[in-house]
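Going by the order they are written in, the chains are A, B, C, D, E and F; count residues from 1 in each one.
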Amino acid sequence: MTLALIVILPLLGSLLPLLFKNQGRSLCATMAMVAPVIGLALLWRHADAVFAGQTLIQSRPWLSELGLNISFRLDGLSFLFALMIQGIGLLVILYARYYLSKNDPMGRFFCYLQLFMSAMLGVVLSENLLLLMVFWEMTSLSSFLLIGYWSHSTDARKGARMALAVTGAGGLALLAGILLLGQIVGSYELTDVFAAGEQIRQHALYPVILVLVLLGVFTKSAQFPFHFWLPHAMAAPTPVSAYLHSATMVKAGVFLLARLYPALAGTDLWFYIVSSAGMATLLVGACTALFQHDLKGLLAYSTISHLGLITLLFGLDTRLAAVAAVFHIINHATFKASLFMAAGIIDHETGTRDMRRINGLLRFMPHTAVLAMVAASAMAGVPLLNGFLSKEMFFTETLEQHMLGNWSWLIPLGATLGGVFSVAYSLRFVHDVFFNGKPVNLPKYPPHEPPRYMRVPVEILVVMCLAVGLAPGFTVAGLLAVAAESTVSNALPEYSLAIWHGFNLPLFMSFAAMVLGILVYSLRRPLFDWYARQRDVDAKLVFEAAVQRLVRGAGQITLLLENASLQRYLLCLLLAALVVTGFWLLQLPALRGPVALTPIDGVTLAGAVLTMLSAVATAYWHRLRLVSLVTLSVVGLGVVLAFARFAAPDLALTQISVEVVTIVLLMLALFFLPARTPRESSGLRRGRDLIIALLCGALVGALAFAMLTRPYDSIADFFLANSVTGGGGHNVVNVILVDFRGFDTMGEITVLAIAAIAIYALIDGLRLRVPGADSLGKPWAQRGDLLMLVNLSHVLLPLALMISVYIFLRGHNLPGGGFIAGLITAVALILQYVASGEAWTAQRWPVNYHWLAGAGVLIAGATGVGSWAFGYPFLTSSFGHFHIPLVGEIELATAMLFDLGVYLTVVGATLLILANLGKLPQSRVVGGDF
Amino acid sequence: MSDASWVEWLVAALLLIGSVFALVGAIGLFKLPDFFMRLHGPTKASTLGVGALVLGSMVYFSAQSGSISLHELLITFFLFLTAPVSANMLAKAAMHEKLRREPRTRGEPWEQ
Amino acid sequence: MLDTVVLLCLGIICAALLLTFARLIKGPDLPDRILALDTLYINAIALIMLLGLYLDSNLFFEAALLIAVMGFVSTVAIAKHLLRGNIIE
Amino acid sequence: MKRPDRVFPHPWLSVSLLIGWLLLMNSVSVGNVIMAAVLATLIPWLTHVFWPRSPHRLRFGRLLIFACRVLSDIVLANLQVARLILGSRRRLRPAFVHYPLQLQQDFSISVLASTISLTPGTVSADISPDRSTLLIHGLDVGDEQALIEHIRQRYEEPIREIFECSTP
Amino acid sequence: MELLYAITLAVLTSCGVYLMLRARTFPVVVGLALLSYAVNLYLFATGRLGDAAPAVLGKAGVYADPLPQALVLTAIVIGFAMTAYALVLALRAQGELDSDHVDGKGDH
Amino acid sequence: MSHLPILPVLVPMFAGALLLVLGASMDTKRALSLLATFLQIPLAAMLVVEAGQGIGVYALGNWMPPFGIVLVVDRLSALLLLVTAILAAAAIIYAVRGDDAAGRNFHPLFQFQLMGINGAFLTGDLFNLFVFFEVLLISSYALLLHGAGSARVRSGLHYLLLNLTGSALFLIAVGTLYGVTGTLNMADMALRVRELDPADAPLVGAAGMLLLVVFGLKTAVFPLYFWLPRAYAAAGAPVAALFAIMTKVGLYSILRVYTLIFGADAGELANMALSWLWPLALVTLLLGAIGALAASTLSSLTAYLVVVSVGTMLAGLAIGTAESLQATLFYLMHSTWITGALFLLTGILQRVRGPRFSARLIAGPQLPHPMLLGGVFFLIAMSIVGMPPLSGFLGKLLLLGSAGQGVTAAWLYALVLGSGLLGLVALSRAGSTLFWRQSDQAATGEPVDGARMGAVLLLLAASPALVVMAGPLLSYLAQTAEQLLMPQLYIDAVLSLQPIAGGAQ
């Protein structure tokens, strides 16, 4: 897996600079070079094979069901790119060693750079499209870090975010496109995808896929109208720009265009979309570049323009155009990287990038000037330089294209126009910076040549421009051939890389571009004035405003939905329940089922009426809180009676006990809460609530009626049949609670214990105003002398305890049980608190209720675990009848031990809640209305 | 219980007495003019009413099971214990709230 | 006969229940309502005792006993709230 | 919890519990008696702290006689109250009566107040903070002094004899 | 009887829901209590209304379905725990926000 | 017999109760709580292994289904136990560094919370599920309010009251289901629903949908999620992190009930929830992303990311194929751990930035260890928005891949990818504000605590681990999805259980 190694090396290598960041800048930079150097060596090992036209595929299955395999591909195209990425990467590292200031954390820089390098290598070397996607997104992320490297600068942060947002969005579209592609092909391996090219283009989803993939490509390659992020990415340190915007990041887009060319190209749709985007980008970029006063801005737009050119070439969709495109990729990488570096040197030495201030630098840094001029000439397409060659091929190909019918001449015209501006801005770069009089007010004056080794990378690149331009056959031809061949995935037609093709139309176009370009440049003053008068559209501002608007809109939507109103949320919940339940209920053939109704008796009717009226009264009087509390108690009593009426004594017992504890709680709460509810909701709101309430009522009523009139076949018979033999108790409800479904009860007492400790936690630190008067403003009675109550409460306690024991013991066979017994004990103790006060009671009854509640749960749990000893599951009960002399037969069941746990938990939890709540105002008096 | 024994008559009488007393208590509660007067109805009549009912129930279940069932007495005992205290608490509350009294009431309650 | 008597008694208690409830609704003051509530509890005891007789089941004794206990406690709690605001001091 | 000074801190309570338990169980088996004895020991032991002062000597016989008297009064009183309630409400003569207490112990005062509430047309509305006066509301009071005298003779004296004979 | 029961449930639920849609904590808790009465009665009724005897095994012929009763018992206890917590949280809100509005809005 | 299935419930229960009983020092409590929590990991791992060999059934009290309550360990339950255990371990590591002392009873509440969650995952009984829901809810109310403060009280009140209403609906639903089918055991109920009289089916359908509303509230699906963002944002870091599993309890319940009881074999009621869930899931996804974009604190941003993850998972669930369920489960693991990590990291940032800046997305002071904090944030954010090579990317890939090429896929692609973009914008804005836009002043808050950071890293490490282990993991998940789509396996395993012979009964 040498290919994987090439990709992984920089990833590992990204740690080296971090490790050596304090060991000197040179060492740090050297360490950063380790990975690319090894990578280049590894790449070189495969060079022979690649140049022999072989495609090297190394694959290891990973998530094969997903189609995601670790497979890498090395062919001409990926070889070319891998070479550029690592080669130019090395130069950038060398350059950055001198570029970065002492204050810039160099280790971090090289770390990010290598992360990015790894991602780029991954993109170009992936055989699996999903794997490619992985690296694709990694380039977005790592470039985000690189662009935002000078994070203290607002421009850098915003530029980074913009780049990430745009390329990220494109990446998502690309992901969608690739997924669809993979689904159509049935594989994500490029080999399979190439083989299925025809199938893809015939598929109904081809337009969708093409658009999605192109969205990814265009955003990454800064094609119009997604080009706006690129100039703002110039906030990055110049080495980053030199790397990302010449050879790598933006080239990832055109790389993908080239990579998927065999699969996607060859249709009209491809031509129209790709070539028009390319043409538009070419022109917009070239025009705008001329008007940039920022040196890097000019280069940025020029980059856009050249990317447009490459895209246009791919769009022209001839195999020679593809060759030209690949060739221009190489050329652009070399001259643009060197130009960025030169710009960086100038920026470094003068302290500014404003071309209106930088003038006549030829005098100060002749060496750099020469290098920059050569590179700029290459950019302009001056003969004898590499740019000229590919541009000639470009012009040739535009002339070959007749897709537009009678309007086909527009393509070469546009190309020439692009050439014109390209010449003009190149000229501006040269003239405006190195000639054009004297510098104006430079921050650093006088500028010097940069350190020796900072210039080396530029020199190397410029030499390459020259070498390719002068002797393409010796230098680049082989590489170009294999790269282009693997791009079109086919044998290439004859083409010539000669400098001289004779006097032909392309040459004329070049000539025209040259002449007109000079003319345009000479007319720059009125043009600049004209441009300055144009409404200044700063893409960053527009983008930021758009994002701001998006965020604001998002905020509005969010606030609209989540207005922090419980009523709204409850309404949603209730409406949801009404809708979904109503939907099904309405499908019932008849609400009333087949079971005959039982007759109504007068007593039940009276009880029901009483209960309903009290409920209505509770709602009606809810603003008078104490009154509604009284009517609520009547409802509770009605429920108790209903339980009794329908043969559920245990429930009646439980309900009545819980009832009183709840009332005590409500009274305690009412002390601190306002006694009356203000009238707040409008009539409309009340009407709406009433309708919702009635609907909910109707729903529950309908459900109940439908269910009650239908037969059912219950598991209950089992409990009735097994209660005595299996559970040892005659009270089936209790046996269910402590045995058949003891696990529920276990959970239930835990809930109670949790509620108690939660309430304890909630009361801790609670500060409440203690009202000194009731709702009518009447002060409370003086220290209550509740003589009768105090005496009675003391008498009742032993009685109540005895009743508790009674209820507890008989629970298994008769109504009762630990829970009810616990509540009775608790209520008896609460009565002590009510009668004699918290302090008095706590002093005499210093029980740790935490402990009691915990012990209850522990006992119940331990009873359950006890059955393990006998090899039975948790909570398996056991009981036996024992004969004791004199006493007679008694029954002992482990379930009773469990019930004891229940009892203790109930007592502990209930008192933990009430006693602490009662303690509240004494310890935390803050202020009263006395 | 097809043929009415004396036990049955006793039970029936006790039940009727009890129910009627309970009703009287309720009537008192309903019709008497002020709170303090209404207080009398439930404290006594209803308490006794339930007492008689309980007694009836006790006799019935004792006769039915053949052994004396006395535990119902606890309810009566309990009501007799608590009714005065409830009345006391309510009266105190009423005095605290300075509830309207029937004008012809003689004597004054005191401030709470 | 006893069944008839029990039914009759149930009817009487229901009447008592409704009268008491009428007082609860009428008020006019809170102590009146609380008193009515307390009476309702007592009537409920009667009702449950009668129900036990009617169903010939002595399983309702505890329910009646507990209503007595709990009715008392809640009456006392509400009354104390009226008096002192804070029921556990 | 403090330990009680004696095994049976409140013997009468223990006896009551013993009887109460047997009542609850509806039977007097050996097992029940044992259980009752256990409870009669355990519960007072647990709850003695809530009974800071209790009548140490109690005349049980007199208590029994008194209880019977009160019971019969309750029955009679109820007939009377029923008549009052069902009769015309115009004829009622409601009154608040201030009853000067002679009893001194809280417990016996409570017992008296309770007794008054359970008997003819009277409800104990309140006890003055200094324990000197009992506020009674009567449903139909003809002569206040007669009522006070009646209560004194029929209830307060016996209660004093039952609970407070040991105290001056 | 079934219809009466269903209507009673409907009324309890309506009142409960109406109160829960109020803006102050106390009525909401009261509404919750009403709703849980309704729910408990509903759950209870799944064992059907009839003249069956309590599920205490003895002499009776037909016993009520004990399972819903056991479930209701659990539901009552849990409901109690929740109501208690809700109340104390309402107090906490009153203390922390100085308002008993369910959204913690000030009174003024 | 093996008692392993019940241990995930019993261990925290006993630990919680012991913590109440012991009047021990905070250190002892912490040690006990840590021990009990960490014990969950091997327990869950063993259950995962066991579940791989077959569905385990544990009959409580030796009462056979459908009469007694059973715990059922299938692949899904075991998986969720493991997810919970690891999340809880990180949360408790974080908590013992001081957050637990912000209020009373943190550790017992934490343990009971685990008990509730684990119980909900394990139980095979519908009413018992209700009980465990209540256990986990009451603990969560308390944990949410741990340390109190007005924001917590405000949102806690809403959370509580909504869920109380939800519990009422739950009971009505369970009641109706029992009232018609006569059983509570889910396997048995599934059988009885299949044989339902068509005249009764709509009634059961109504009850089933009511359950969906209840589960939807817990899962936080539109329009029932409104409570979540404020509540999660207000909660303390370890609590919020633990809450990352809470929505999954709802999701689990939906998965369980609507594959088992109302699955493909349920006659008229077959797959009845899916058509409702699909649009709601997409809306949830979108609104979650919109909320994330609008968030003004990192905590609420994270909370909205939870909503996004809910929408994503529900969408996968609603598609309902084996592949989409597999994707959902993978996404579940990923999103639980990674949002947990982000909640914890938010907590650290709040401490480091000090109370003045807290987690608000405004320019703050210089942070100590910028590389560490920023790097961890960057990785978490990457993973959450689905950037490769972390688990989020794989989750998204799986999900999108399972959608096919139809209209379904179009909606899913558009919303999943669109919300991913919104998330990307939101997180890049948040990250650049927190880590790049700093004033010159040094942080006034606390230094970075190593153990807290360790907790974050533990969860963060899960993300690459999920990718590295994706091969075997996905095959486990594929089998899990298959098991879910073949409820007969579950039913047979439960209803064929035999009692332990010679029982003491």
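Basically, contacts are C-beta pairs under 8 Å (C-beta built on N, C-alpha and C of every residue); 3 or more make two chains touch, one makes a residue touch a chain.
Because the structure is a prediction, the values reported are computed rather than measured.
Counting steps between touching chains, the shortest path from chain B to chain C takes 1. At the centre of the protein atoms shown, by the Cα-centroid criterion, sits F. Our note on geometry: chain E versus chain F, Cα centroid distance of 28 Å, whole angstroms. Here the CA centre of chain B is 31 Å from the CA centre of chain E.
For this pair, chain D with chain E, the centres built from the Cα atoms lie 39 Å apart. If you average the Cα atoms of chain B and of chain F, the two centres end up 57 Å apart. Each of residues 25, 27, 39, 41, 47, 69, 71, 74, 78, 81-82, 84-85, 88-89, 92, 96-97, 112 in chain B touches at least two other chains.
Contacts with at least two other chains are made by residues 564, 566, 570, 574, 629, 647, 649, 668, 670, 700, 703, 707-708, 712, 714-716, 719, 740-741, 744, 748, 751, 754-755, 758, 762, 781, 786, 788-789, 792, 799, 803, 814-815, 917 of chain A. The set of chain D residues touching two or more other chains comprises 20, 24-25, 113-114, 124.
Chain pairs recorded as touching, per the definition above, are A-B, A-C, A-D, A-E, A-F, B-C, B-D, C-E, E-F. Every residue of chain A that touches chain E in the complex is listed here, in rising order: 564-567, 570-571, 574, 597-600, 604-605, 608, 611-612, 615-616, 618-619, 622-623, 625, 628-629, 632, 635-636, 639, 642-643, 646-651, 654-655, 658, 661-662, 665-666, 668-670, 672-674, 677-678, 680-681, 689-690, 692-694, 696-705, 707-709, 712, 714-716, 719-720, 723-724, 730-733, 736-737, 740-741, 744-745, 748-749, 751-752, 754-756, 758-759, 762-763, 766-768, 813-815, 819, 909, 913, 917.
Residues of chain B touching chain C in their complex: 1, 4, 8, 11-12, 15-16, 18-20, 22-23, 25-27, 29-30, 35, 38-39, 41-42, 46-47, 49-50, 53-54, 56-57, 60-61, 64, 69, 71-72, 74-75, 78-79, 82, 85-86, 89-90, 92-94, 96-97, 99-100, 112. If you check the complex, the residues on chain E that touch chain C are 53-54, 56, 60. By the touch criterion given at the top, residues 778, 781-782, 786, 788-789, 792, 795-796, 799, 803 of chain A touch chain B in their complex.
Taken in their complex, chain C has these residues touching chain E: 55, 57, 59.
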